[in-house]
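Labels run A, B, C and D following the written order; every chain starts at residue 1.
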Amino acid sequence: MKFYEYKAHEIFRKYGIPVPRGILATRPEEIVDPPLPCVVKAQVLIGGRGKAGGIKFAKTLEEAREAARRILGMTIGPYKVRQVYAQEMLDIARELYFSITIDRSARAPLLIASAAGGMEIESVPEGSIFRIHVPPLVGLQPYILRALSKALALPKEVASQVSDIARKAFALFEGEDAELVEINPLAVLKDGRVVAGDAKLIVDDNAEYRHPEYADLPQDRTPLEEEAHDKGITFIQLDGDIGVIANGAGLTMATLDVLNLKGGRGGAFLDLGGTDDPEKVKQAFEILLKAKPSVILLNIFGGITKADTVALGVKQALEAMRVNVPVVARIKGVNEDRAREILKGIGYPADTMEEAAELAVKVQAGGR
Amino acid sequence: MKFYEYKAHEIFRKYGIPVPRGILATRPEEIVDPPLPCVVKAQVLIGGRGKAGGIKFAKTLEEAREAARRILGMTIGPYKVRQVYAQEMLDIARELYFSITIDRSARAPLLIASAAGGMEIESVPEGSIFRIHVPPLVGLQPYILRALSKALALPKEVASQVSDIARKAFALFEGEDAELVEINPLAVLKDGRVVAGDAKLIVDDNAEYRHPEYADLPQDRTPLEEEAHDKGITFIQLDGDIGVIANGAGLTMATLDVLNLKGGRGGAFLDLGGTDDPEKVKQAFEILLKAKPSVILLNIFGGITKADTVALGVKQALEAMRVNVPVVARIKGVNEDRAREILKGIGYPADTMEEAAELAVKVQAGGR
Amino acid sequence: MAVLLDEKTKLIVQGITGHQGQFHTEKMLEYGTKVVAGVTPGKGGEQVHGVSVYDSCFEAVDATGASASILFVPAPYAKDAAIEAIEAGVELLVMITERIPFHDCLDIVPYARAKGCRVIGPNCPGIVSAGKAKAGIMPNHIFRPGDVGVISRSGTLTYEIVNAITNAGFGETTCIGIGGDPVIGTSMPEALELLAKDKQTKRIVVVGEIGGTTEEETAKRARRIRKPIYAYVAGRTAPPGKRMGHAGAIISKGMGTAESKIKAFEAAGVPVAAFPTEIAALLRGN
Amino acid sequence: MAVLLDEKTKLIVQGITGHQGQFHTEKMLEYGTKVVAGVTPGKGGEQVHGVSVYDSCFEAVDATGASASILFVPAPYAKDAAIEAIEAGVELLVMITERIPFHDCLDIVPYARAKGCRVIGPNCPGIVSAGKAKAGIMPNHIFRPGDVGVISRSGTLTYEIVNAITNAGFGETTCIGIGGDPVIGTSMPEALELLAKDKQTKRIVVVGEIGGTTEEETAKRARRIRKPIYAYVAGRTAPPGKRMGHAGAIISKGMGTAESKIKAFEAAGVPVAAFPTEIAALLRGN
């Protein structure tokens, strides 16, 4: 799960991490008594909003409202800006970088810090990035914070504030099931205070059941993706015109790859998962149909999934939606003969995934 | 650290563990509006208060005050009763046993439970005691509570309450640096509630720095032991007449053993520890002198401790206290010759601890 | 020979009375696996396909001497079940369960390692030692005993590839589905080491996907292994920044692209198949 | 040969700039120990008896390749220091510090084990491999190379007994002060196994005390060891229920009495000395 900036700040505040004061507004008039001077920022879930004109500075209330007026309704990437955040402008002396994420190989939380903050960590030279693991099972120990302070050559007063923030950020990382806690810049102000200038938070989707308060947060999904998500289906909209549906993440990706390598263009990506329930197949197929693909490439390696069940779901969906999209179907699994029977007249059968991909490309080109 | 019953109950309450309501009183008149009927209990740090008459039942306020009147001022073991606790009488249907302690061999917390509660766990037959370790590093998991409930054959409603109490007791065990958390009886009431009928808590002395709120709690020490404790000296008063002072717990115990095996009677036990500071030696020695031993047996295996430093401390203490107790001294270590010189005229020198013990017995008997 | 699992391994099934647990217990038994007990709290005393159910892993292990467990318990209860199995002394724990919060795995995996228990998964199809035993959910009929070891982060894609291997006339030693999550018990390079040491395994097929750097680490390790290794990497046309089903399968911040993985394999002398079925052709080439 | 420690072991001293750290660094150097570095946060760059001080264990280990550490850090900071040393990769960690809350040791000891680091202590006098090296605070002059292995829960009492062994004309291989706390890194039976496997160690002296059941467990283990073992147990006249200095040394609820321990040793064929110095006589008898 991703979080709008203002929401992430709210959570950081809950853990006692100092963040700038700010006001959220959906209309310019909602900005009343903002901290001045302030920065008015578009609340969107993707990067690059600065370049798109989604960040403006304001010295007075009027300027702040004017900035909000210009930002609200703006389109950044695929998103319309619906909220702005008018945030206290910090008087920054120095910008640091701090984040916590996981190191998959080490199976441990990884703490990353740099004396060069304010820019994307990818653009910071490797030599000035400090990395240290937090030992799992025993958690954050003081030596880690000492090492961090030394690596960044922080003066004593800054070091103690940074250590305190790091401790709280780690508590947040654990307490909120975070994948990423990123503070960039971690700002040392001219008055000596250390503040999380910007706070980014990504929480593990799988831990949603432990954090029901996050369940309804908007995510960077298209409406159709959102609908799929609510039904527990992995569905991603792409640019192409051939809809790809398969079972299992790896197989679905591989099917998309084969299709693209054979000259097709995948237009949507739907992972049926391990389901064996015709109703769920039907639901998934309906979502795919709503994306209006010109051809559908269905690739099921059943193994244990019953092929006829899948075929039945496909057939029902097409009937319910009253659409007539050609379906190139390659279904392997128990009762695959019965599946062919069910899809007779609707689908183009194929035996291997390569064959299916080639066929889909041909059908799309009007070749059959 | 040990805790008076009422204090332990207070801490259990803090962790959300249900305990009976109660009123603490140092004078009978302080009992106002007690939960009735109630049990009036002497607050002492040792067991056996029931047999000593320190627990009485009361149905009315007057009876409660009368009970308090009779218990306050009573002597139980070496202690005078200064406080009573008038506690709600529970309407108990069934008594269980529950405790958490550590298993030294396994280096893990050990959870002990029994369906036979209300008596000392030592008198419960081994077959009806359930034991399970809490895995260190990952903590209390639900399977432990399921296993407990099954072992005690608890009905569902009781099981869920017991599990909840066990979880909270484990949080207490960890949060308060406990050595022992014991609930006996863990009472199932006739109305179905489960309540910690009696709560016992011992906290690791070494963790005192993490719990400054416990620092001033009274402990089961004699005034002299208390004085020694405040000075960081291990000192225990015994029945005999020969004071034993040595350095290191093992050596001090061994010296006491040798003395007793040689026919002497150790009258106090003082571990100088690893100190090398004549002032601390002097302080320790003064405490020992206050216990009025007829002879002192001093056994120092210096190794690194300087023998003359110890001798100097001893001499200064004797002079400061203006007493003339014979000191049988066996001091091994750096500068042991100089130590003999210093103690000349005060002490009886000995070469081995066996020799020193024999000499102490002889001196005590007036043999020298 | 086989790694991790063979016909003598005594296996318990955690969550045996659930839909998945029941179904796959039957399939594992059909494959010849010694499923000696099941565990479902509160269902002790029942039977599932002739297998006795116990209330706890301790009881199941005590009664049967099982040394391995396969876990079908739903995600919110998986950590509890895993720690219980580890404490009960199993040496191999196969976690099929998907959608376990990875913070739970940050406890489970290091703790298992501390106690000498090998974890496979979570979010994996399990292990098959062809012709010997299965602790997993892979279809039985696609395997045939042979000399190819298989390692995969994926589920159905593995079936596709194993099927291609078998159809081409080859066979497998052990197929290890290591799982698609960010934090897993046995990583791809670790699985590679296991198969590299197995005498019966003459060549190894590795099925990777986008996300993380485990394929790159595997490629590095592959340089020191004297058996032929072949790879396939899924996701070469996946859009960056999108989560492709597996929590692991995401290209973010330029990390974990298929290009990088394919390059690493090829640099290590590991041929990479363009299509899943091409794996068979690569095997034939040797 | 010796166990745990020898003349080649590279040792770092955590808390080297403190009173105890400085003093014992000098003594360890005098004994011939390879003290290669010290650690005190904030004092990196200083020198103690010619030993370079670093700010962290990582730096110290990186710079010197040390594989062992001895810890003099005060109790409230000991857990941090121990975990740091473990993470920095030391394989042997000798914790001299006393009065560490045992709940901290419930983290340190299992974690060390998980990471393959052996812990001795806490609250212990350390280890001496006679004539080779010392990671501890025992007096240097009482040791002489020989064939007696010594294990003890106590400090000064160990010196007394080692002194008696040496004075009687014998000598030691390795003397392990395991420590007097309830939760320690290496238990008495574990230390016994170490010395039992050491070829140079021909007989073993075990110094126990009241409290706990480790002596009883050691006696059980002793039955399977073919070297002569001798024991002494302190506290046979200690009053029950009183804490005798060591947090471990307490007889409570009838557990951990000297009688029980002596009985267990004798039943296992381990002669028990009545007085500390009698150990020498027992050794002479063989």
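Before moving on, here are some points about what is shown:
By definition in this document, a contact is a pair of C-beta atoms (placed from the backbone, for glycine too) under 8 Å apart; a residue touches a chain by one contact, two chains touch by 3 or more.
Predicted, not measured: the structure shown is a model, and the values here were computed from it.
Shared contact partners of chain A and chain C comprise B, D. Among the remaining chains, B is positioned farthest from chain A, on the basis of C-alpha centroids. Of the two chain pairs examined here, B-D and B-C, the one linked by more C-beta pairs in contact is B-D. Between the CA-based centres of chain B and chain D the separation comes to 27 Å, rounded to the whole angstrom. If you average the CA atoms of chain A and of chain D, the two centres end up 53 Å from each other.
Inter-chain spacing, taken between the CA centroids of chain A and chain B, is 57 Å. Shown for chain A are the residues that touch two or more other chains, namely 137-138.
In chain C, the residues that reach two or more other chains under the touch definition are 107, 110-111, 114. Chain contacts in this assembly form a complete graph, since each chain touches every other chain.
The part of chain C that touches chain B in the complex is made up of residues 41, 55-58, 77, 79-81, 83-84, 86-87, 107, 111, 114.
The part of chain D that touches chain C in the complex is made up of residues 110-111, 113-114. Residue ranges of chain B in contact with chain D, taken from their complex: 102, 104-105, 107-109, 122, 136-137, 174, 177, 179, 204-207, 209-210, 234, 236, 238, 246-254, 256-258, 260-261, 266, 269, 271, 273-274, 301-304, 332-333, 352-354.
Those residues of chain C that touch chain A in the shared complex are 23, 27, 75-76, 99-103, 105-107, 109-111, 114, 137-139, 142, 152-160, 163, 180, 182-183, 187, 207, 209-210, 212-214, 217, 232, 234-239, 242-249, 253-254, 274-277. By the touch rule above, chain A contacts chain B in their complex via residues 137-138.
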